[in-house]
Structure formats: C-alpha cells, structure tokens
Amino acid sequence: MSRLDFDIAHLLAGLLVLISFLELYQDRLYALLNTYALHALVLAASVAWQAFVQDAPHLYVTAAIALVFKAIVIPVSLHRIIVRLGIHRQIEKVVGVGPAMLAGIGLVALSMVVMLRVTHGADPLAREDLAFALSVVLLGLLMMVTRQNAVGQVVGFMSLENGLVLAATGAKGMPLVVEISVAFSVLIAFIVIGIFLFRIRERFDTVDLQALDSFRGERR
Amino acid sequence: MTLTVALVCAAVLLALAAFAVIIGRSRAATRVIYGASMVIAAISLVAAAVHLLGAAEPLGVTLPLGVPWLGAHFRLDALSAFFLIVVDLGALSASLFALGYGEHETAPQRVLPFYPAFLAGMTLVVVADDAFTFLFSWEFMSLTSWALVMSHPRVPENVRAGYVYLVMASFGTLALLLAFGLLAGPGGLYAFAQMRVAPPSTTIGALALILTLIGAGSKAGVVPLHVWLPLAHPAAPSHVSALMSGVMTKVAVYGFMRIVFDLAGASAWWWSIVVLAIGGITAVMGVLYALMQHDLKRLLAYHTVENIGIIFIGLGLALAFKTHGMAFAAALALTAGLLHVFNHSLFKSLLFFGAGAVLTATGERDMEHLGGLIHRMPQTAFVFLVGCAAISALPPLNGFVSEWLTFQAILLSPQLPSWGLKLLVPAVGALLALSAALAAACFVKAYGVTFLGRPRTCAAEVATETDRFSLAAMMLLALLCLLAGILPGLFIDALAPVSSALIGARMPVQIGAQWLSIVPIAASRSSYDGLLVFLFMIISGGLAASAIHRLASDRLRRAPAWDCGYPDASPVTQYTAMSFAQPIRRVFGTMIFHAREHCEMPPPGDTRPARLVVDLSDPAWDWLYAPLVVGIGVAATRLNRLQFLTIRQFLTLVFGALVILLLVLAIWS
Amino acid sequence: MVLIRDLTIQGAQMLLVLFLAPLFTGFVRKVKARLLRREGPPLIQPYLDLVRLTRKDVVLADSASWLFRVIPYLVFAATWVAASLVPTFRTGLLFSWSADLIAIIALLGSGRFFLALAGMDVGTSFGGIGSSREVMIASLAEPAMIMIVFTLALIAGSTQLSTVAEFMASPQVGLRVSLGLALVGLVMVAIAENGRIPVDNPATHLELTMVHEAMVLEYSGRHLALIELSSSLKLILYVSLLACLFAPWGIEAAGAALPTLAVGIAAYVGKLAVGGFLLGLFETSIAKMRVFRVPEFLGAALMLGLLATLLRFVSGSF
C-alpha cells in the first residue's frame, strides 16, 4: 500500500498510545471519562481507516460499534452512574504521575522490542500496529494496577479491550460474529460491574478500594 | 626527549618536597615552593604540548628503580601527553593561585612538603608503563593528597573526611591491584607493553572492567563510590581542592581509559551498557546532590561528580561504537569525552579558586552567611561568573562545546545494532540534558546567593578583594575557557592523535572549516561556530546599546528597592540557598533524598525562634555503606574469637593454610 | 553578488523578527481581549509601551550591581541572535550553519541564566521567588526541548535548522507518529518557556503568582524596555520555530529569486496570525496551574519527547 496509507494508519495507532498516556495522567473522573471517549473515537477512526485500506467492509461495522457503544453509550452511562452514586470525583493514585509515566514508557519500549523481534517476517504495517496494540494493552493494565477508584479500573479495562480490537483489525480481518460476541460480552461485563458498583455503594457508602479492603474477611 | 623532561620535572618536584620539609617554617618558604612548582609545571606543560601537537611517536624508557626483575617502565604516548597537559595546566594555575593564597595558610609546614609531592605523584601515574610503577604512583598520589586533606586536623569534620578518604582510596587501590593481577595473568607480565601483546580472554577482560570501574571509578567519583569526594575535597586548602577535583579525578579517568581502551583487549557487547548506565546515573545524582548543598566547596565537589558522569557517558559511547566497529563515531564520542576532561579541569579549578578567594576574604564557606560580594570583590565576582557560565554549558564558552559534541555522538547511535543500547542511549541522552539544565540551576543558586543580593552577615560586609596572584590565576583560566569556546577546532585537532592511537580513527580536520567552525560529521549535518556566535552576540549587544543610548533617555537615579512597595530593610528576608533550591528539592528530592521539611516550634513561653528544618537522607549511605559498615562490624565481632585460641588451635590454622595452598598448587598447575 | 544578497536577506530576517515581535504580542493581547468581550488595547500598544519606557528614568535599587545594568543587553543579544537563526520566510540563511537547534536552545538558556541572576541581584524575596521557580521550570523544559530536537534530528538527519526545515517542506516526510508526539511536546515546552498560561500569567499583578514578572520586578526605564522586547522576541521565535518545523508551506528554499520573497513573507505573516489566534484562544480557555503541577505538565512533555526519540531509535520507520 502507499506511503500515505501506511503513515495515516501509523499515526492513528500512535495517537491511541498517546491517549492512553493521557488517561494515565488524569486525576479527575469526568476528565478520565472524556479521555476514554476520545480513545474509543480514535479507535473507531483507526478501524474505519483499516477498513478503507484493506478493502474489508465488515470492519466498517466494527468501527460503527466502537463509535456508538464505546465512544458514546458507555461514557454517558458511566457519567450517569457516577452522578447517581455520588462517587468521590478525584482519583487517588497508588503511584504518582511521574513514576507511572516512566513505567508507561518502559512498557512501550518493552512491547516494541518484543513485537519487532517476534514477528520478524510479517508485513511491516501489521508488525508495528501490533507493537502499538500491545502497548495500549499494557498501558490499560498499568492503569488498572495504579488506580484506587473502581471506576478508574473499569476504564482501564475498557481501554485494554480497545487495544485488543486494534490488534485484531491490524492482523487483517476479524469476522463480524466474533466482534458481535465481543461487544456483547463487554456489555454484559459492564452491566455486571454496574450492578456490583451499586451494591457496593449501597452497603459501604464508598467504592474506594482501600476503604473496602478493611471489610475483607482476612485481617492482616 | 619530552619523556625525559617530564621525568626530570617529577624528580625535581620530589626534591622540592624534601627541601620543603627543611625550610617549611621559614617566611619565604611559600613563595619559593609555589614559585618553583609553577615553573616546573610550565616546563613539563610545554614538553607535553610539544609531544601531543607534534603527533610524535610514543617514547619509552626503563629505569632501574623499584622491583628488581621488572624495573620502572615509563612511556609517553598521545593519551599520556594529553593527560599530562591537563595535570600540568592545573598545577600551573594552582601554584600561581597559591602564591597569593598560601600567605593565609596557618600551618604551611603541613602543606608545603606534600604539595610538590602530590604533583609529582600525578605526573608519574600518567607516564607509568607497568603495573607496579602505576600502582606505586597511584598510592603515592593518594597518600600525599590525604596528608593535604589532614593539614588542619583540629577541625573534626576534616578528621572524618580524611578517614573516609583513606578507606575508599585503599579500597580503590585494592581493586586496581586485582585488575592488574588479572591482566598480568599467571605469567606475571606486569609491563603494559607485555599486556598489550597478550590480550586477555573475555571473562578476564570483563572482570578487569568491573574492577577498574570500582577502583578508578571510586577515585573519579562515580555514584555510589563518590561518598569520600564531598567530604575530602572541601577539607583540603582551596588550591589543593582545585587540584583534587579538577586534576586528580582526571588522572582516575586516565587510569580507566588506559585499562579499558588499551590493555583489556576487545570489549564485549555489554561493557558500554554498564559504563553508559553508570555515567548517566552519576551525572544526574551528582547535580541533584549539589543542588541540596549550601556549603560552597561541597557544592562544587558534588558538581565534579556530575561532570565525571558526563565524561563517562562520552567514554561509554566511544566504547559502544568501538565494539560495533563504527570507528568514526567512536572518535567523535572519545573526543567529546576528552574535551570535557580538559574543559572541566579548567572551569572547576577556576570555581574552586573563587571559593578559596571568598573563604580568605570572609572566612565563610557557607553561602547562607554570604551575599553582596559583587560589590566588595568585583574582579573575583567577574571571573567566577565566567566560570559559572562555562560550567552551565552556555555558548560561546567551552562547556557548551563538549556537551554539543556529546549530543552529536548520541545522535549517531541509532545505527548501533544492539537492542540494549538502542533503548539505553535515548534514556542517557535525556539524563544528560536533565543534568545540564539542573547544573545551570545549581550555579544560578551558587552565584546568586554568594555574590549577588545583600550581605547576610558582617563577614560578608567587610570582605576585600583578593591579591593579584590569585586574580591572575583565575583570569588565566577564564581566558582559556573563552578561547576553548571560541576556537574549539584547534583543541579538537590537538586531540586527534589520542583517538587515532586508541581507536584507529580520528575526527575530520577542523582547521580548514569555514570561519573556524567545527564540523564533527559533515557540513550538511551539523556545525557550530563559537567565534561567530560570540561576534554575533557582541554585535547585537553593541547595536542595542548604541541604539538605546542614542534614542533613549540616559538618566539614572538610585532609590531603595521597589519590592512591591514594602521594602524590607533586613537582608535576612532575601532568598537563601535552601529556599532557592526548594522547588527543585520538592520535585526531585522528595523521592530520591526523602526530603522533608518540618518546623520546630519552641514550647509556649520560650523566646527562641521557630526553625524550619530540611531533612535529607543520602541514598548511597543508607543503602550501601550503612549496611556494609554494620556487616563489617558483625563480622569483626565474630572473628574476634580468633584472638583467644589455644596454641594448638593456632598451629592447626597454620597447618590448614599450608595444606590448602599445596592443594591449590597441585590442582592449578 | 551572492554574498551581498545573502547578507541582505539575513539582515532583513533579523530586522523582520525584531519589528514584528511587539506587533505579535499586541495581536495576542487583542485576541484575548476580544474573546473576553472587551475592546482591548490597540495593536500597536506594545510599541507605544516601549517608546514610553525608553523615555523614562531608570530607577536603580541601592543594592543593584553593574551586572544588573548589563544583563538586559546580554539577554537581548542572546535572544536576538537566536531569533535571527530561525528561518521565517526563507531557509539557508547565511549564518544558519554557525548555530544549530541545540545551540539555539542553549542561547535561550543563557538568556534565562542571566535573567535569573538579575532576579537574585537586588536581594529581595520576590526576585528569589521568580528565579527559583524559573530554574525549576527550565530544569524540566530544557530536557524536553532537547529530546524533541533529537527526534527531529533523527528524522531529518541533521540538527541544522535550515536542513530540517527544508526536509519538512519536502515530500519525503510522512505523517510520522514521532512528529505528532514532537509537535505536542514542543507546544507544551513553548508555553512553559514563554511563561504563558497555564504555566505563568504574563498579565498578573499578584506577585505570588509570578514567575517571569517577579524576576524583572526591579527593572525600569530603558532596561525594562529591552527585557520586554526580549520576551516578545522569544515568543515570536517559538512561534516561528513551530511554523518552520510543522507548517513549512510557503518557506522559500535557499537561492530563490527576490520577488518570491514577498510570497514567503506573506506566508510567514499568515502563519503568525494563525499562531497568535490559537495562542489567544488557548490562553482564554484554560486556567493557570498551581506551581507544583507545572513539573507534572513538563514531565509529560519530557516523556513525550523521550517516547518520540525512543520510537525513532527502536524502529527507523516511526
């Protein structure tokens, strides 16, 4: 494919990594949700571009699903949940911004090295897209690990899933049925998490993990 | 011929040291000894410069001294000539400075005999060509500088400084001894010429690298073996501090280069990674430590640690390029490191001389008790400013040139095939840039609190200008800083024989470049013209000044400071060194030094003022040395039982040792 | 003949940035005022301010030294030399090979070094506040800038600004990820270095919120005029840098004929207008950060620069 197609795909994938870093930096809930919406939007754009370049019309559907569900429905619903539960709107972090960013850079370097070594003979666009996708997955995991707030962890899980979708589209083709099942599983997971959040909030008046820890069975 | 001159100079210095023991207490002794040292250093400098600039062949000589079956080998090649220039230039300026400064010395008989001996020791290390001579001169250098550190033993911190210095120096020499032992091999080939023709295996070479990093590195001051440096360097008299910081650390770098680049054979792929990582960490930690200090000489000593880090980054890059066969890039990195060696010896000596001048004028080393010295000591303030600007890597002075060359070397590194290097070099580049920016912050603090503002104590109010010898030494160094910044091409060409000898390639000839600029790689890629930048700045400044004085009003009147309408008469309200460093301490120091501020409030009824105290902890002491000391104590207590054995048990020990040695001999031979 | 032409062009570049700098500052202030539904001062107000300042007496504090009087000239000289080396309407300036990007950053750094010393000179606590905060910001902004320069140098194969600008204008450069990261990082660094919102407020009157203004609090008369002009020059330098690196359309290549220079200058003025408008818009829509959030902001810029360089090192095509 031409140089420009390559570059735009690259740029969108890199933008996704950048937005993952931006999510790591946020410490207010609404800003985090808006950043996540942006993340899903860029994912939709990236998948749509892949559909255009690879001439695979079913990927347009994936892009539409990403756009509608992940960029609009989920952030709006989470927003409503936060308002209704009255959740504390500042996200406490386990590690500070500086070490988290440094760890993020280390993870990106690691995924670069791993992916470029492992996929030695493959198509260059796919290789580097996979490297970026692994970075997004690892950054999503990092976000889950360094957040005290349950909503923050949910967003981390979501962005991890976005990374997986990027990897799947980059690897040339994902049948629609798989995507529908993935979307439904995400929806169900989201509903379950939402229900749990409601119950937790009802019982304990907080969703802060450190406060919840004191209610666990084993005492230290 | 030039080697003979160098050796004769060293011998005369030793004789001078002996002479100083005799005349130490007389009044003219200071002038005589320092004057003679200066002349001898000048002669040696000329000889070394002739050798290096003439790109002469290496000269060697063997003297029938020392160990009988070995003799004492000496050799003057390009690397030795360069470091000899550094040593002699430092010695020259220090002796010139001491002609004035030495008059204020209260115990000259403790300093004068050891000073020429120290110079002789450093000279002999640089020209030594076998392991025994090298180690003997190295230890001689350490012991004479220890004696100089202990020249005022009544001050308790000097005693501790001397003790730590002695322990670290001995430990370093032990490491070097082991390194040379490994390189000499079972055949006992102690002469360097023999080591060169029989390169060691990769494991031996790796062990030699580690041991050299420990031995020479601790003398140079790499983190975490730097702890003696900020204790010992400030304790010595100021001209000796300048020599220790500016010159002795470079002799340690020479030792490292001689072993790793010359004697240890072909380098493995991971050697440069270790050197680069250590260099990067040293650079940043050094400057962060310096920012937390308010003692002027201790700040300068910690800053030396940072610059040694920068030099090791250059050397690590050179090693990386050399290992992967990129000779041209290796020459660039090596030249950058060596140029920084030269530049640092210039401006660090200048800064220590300035600190010495301030110390004699005010009796204070603590910046919190100084201030406003620019009015009382204008010339010292001017040359100190030149030194601060040079060390902060500001164009058009020399600090910028070596840093620019190091950056250009970093930009050549994507071509390296090793993955570890591909990940490490950009990180090291970021650390280098960070340390450069922090260094500028450090020297704004040092200069601003010491020389600018208003005097904080009476000592600062009554300071007077230093004598003309000290000023002459400082002006000489400041002029050299400017020249090295404006005409860097000459210095780069002078270093070409060194890189040819060690790497086999050299940087392109700089002399012919347009308008005396330097072109390290190719004209289309990058170039820098110090002279033109300097002229440009003068012309712009001059244009602005003439336009202003033609078009603007030239009236000026003095008034109390504006200070937003509430001028405070007391100079105590000015920013102090600790308050200046507070933002940086909060950003960087909270994690690294566990920097915490707490307020000590006196109980009600007590009329003492409340104090804001900053707690810092040194990670090197807490993590490395304190456990080590505890461990040694525990081991010593356990081993103490060996004192109380019976005669039969002692005999058993001797018998057991003999049997083990015989076994080893049987197995190994 | 060629030398005379090149010399004229270099001189024209120097004078162009010098005369446009106050106009640019006035334009940004006008945009901000209009967005806040105010009339705002006239566009030429900075020129009038400079003239007014030069006609006033210099009131020097009792404890100020000779260094205090010399520093405005030093800062102006360093900033003007740096600004003359950034290509605005034409690359291949006569003296562009004497200082590359790293040297330009170092020149700005020396301007900042001396300005911080000026803050310490009079011996008041406000000067100390300004200087200590300024060096903290610089200690993070400068490494970020150098990492961005590394990224650009690795992509364009040179640190010489003219070469980089010509490379960016050529079709060889693609839409690279590292360039995107470098752009974001450079904008963040430019905001920090010029003391704009959200890092510092150039229009504040509250001393405890000042960084740059606190350092120059004691300056008056012609000295203050030089310092204000230097700040305007620095702002226009950064906008020109962003324009020549990331929006190089319209920059004439070296050796172009003289009539096409009009096109180059028009393109440059257009870019300045767009840049000024965006800056005014950005400053109006965001609030100033607490001082100790600035290290996080600049730390993010440093991380972006490091990430961009790392991507270039690890895989040549990023």
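Labels for the chains are A, B and C, by order of writing; each one numbers its residues from 1.
In this text, contacts are C-beta pairs under 8 Å (C-beta built on N, C-alpha and C of every residue); 3 or more make two chains touch, one makes a residue touch a chain.
Everything numeric in this text was worked out from a predicted model, so none of it was measured.
Asker: Taking every chain's C-alpha mean, which one sits closest to the mean of all protein C-alpha atoms?
Answerer: Closest to the centre of all protein C-alpha atoms: chain B.
Asker: Applying the document's contact definition, name the chain pair with more C-beta pairs in contact, B-C or A-C.
Answerer: Spelling it out, more C-beta pairs touch across B-C than across the other pair.
Asker: Need the CA-centroid distance for the pair chain A / chain B, whole Å please.
Answerer: One centre to the other, that is 50 Å.
Asker: In whole angstrom, what separates the CA-based centres of chain A and chain C?
Answerer: The answer is 37 Å.
Asker: Give me the residues of chain B that touch two or more other chains.
Answerer: Counting only residues that touch two or more other chains, chain B contributes 423.
Asker: Among the residues of chain C, which ones contact at least 2 other chains?
Answerer: Residues 295, 306, 310, 314 of chain C touch two or more partner chains.
Asker: Multi-chain contacts only, two chains or more: what residues does chain A have there?
Answerer: Chain A, residues with two or more chain partners: 98, 109, 113.
Asker: Which residues of chain B touch chain A once you look at their complex with the stated criterion?
Answerer: Listed in rising order, the residues of chain B that touch chain A are 419, 423, 591.
Asker: Applying the document's contact rule, which stretches of chain C touch chain B when the two form their complex?
Answerer: Interface residues on chain C, with respect to chain B: 54-67, 73-74, 76-78, 80-81, 84, 95, 97-100, 102-103, 106-107, 109-110, 112-113, 116-117, 119-129, 131-133, 135-136, 138-143, 146-147, 150, 153-154, 157-160, 163, 207, 217-218, 221-222, 225-226, 291-292, 295, 302, 305-306, 309-310, 312-314, 316.
Asker: Which part of chain B faces chain C closely enough to touch in the complex?
Answerer: Per the stated touch rule, the residues are 371-372, 374-375, 378, 381, 385, 389, 392-395, 400, 404, 407-408, 410-411, 413-414, 422-423, 425-427, 429-430, 433-434, 436-438, 440-441, 443-445, 447-449, 452-454, 514-515, 517, 523-529, 532-533, 536-538, 540-541, 544-545, 548, 551-553, 555-564, 567-568, 571, 573-575, 579-584, 586-587.
Asker: Which bits of chain A are touching chain B when the two form their complex?
Answerer: 98-99, 109, 113
Asker: With touch defined as at the start, can you tell me which chain A residues reach chain C in the complex?
Answerer: For this pair, the touching residues of chain A are 3-4, 6-8, 10-11, 13-15, 18, 21, 25, 97-98, 101-102, 104-105, 108-109, 112-113, 116, 124, 128, 131.
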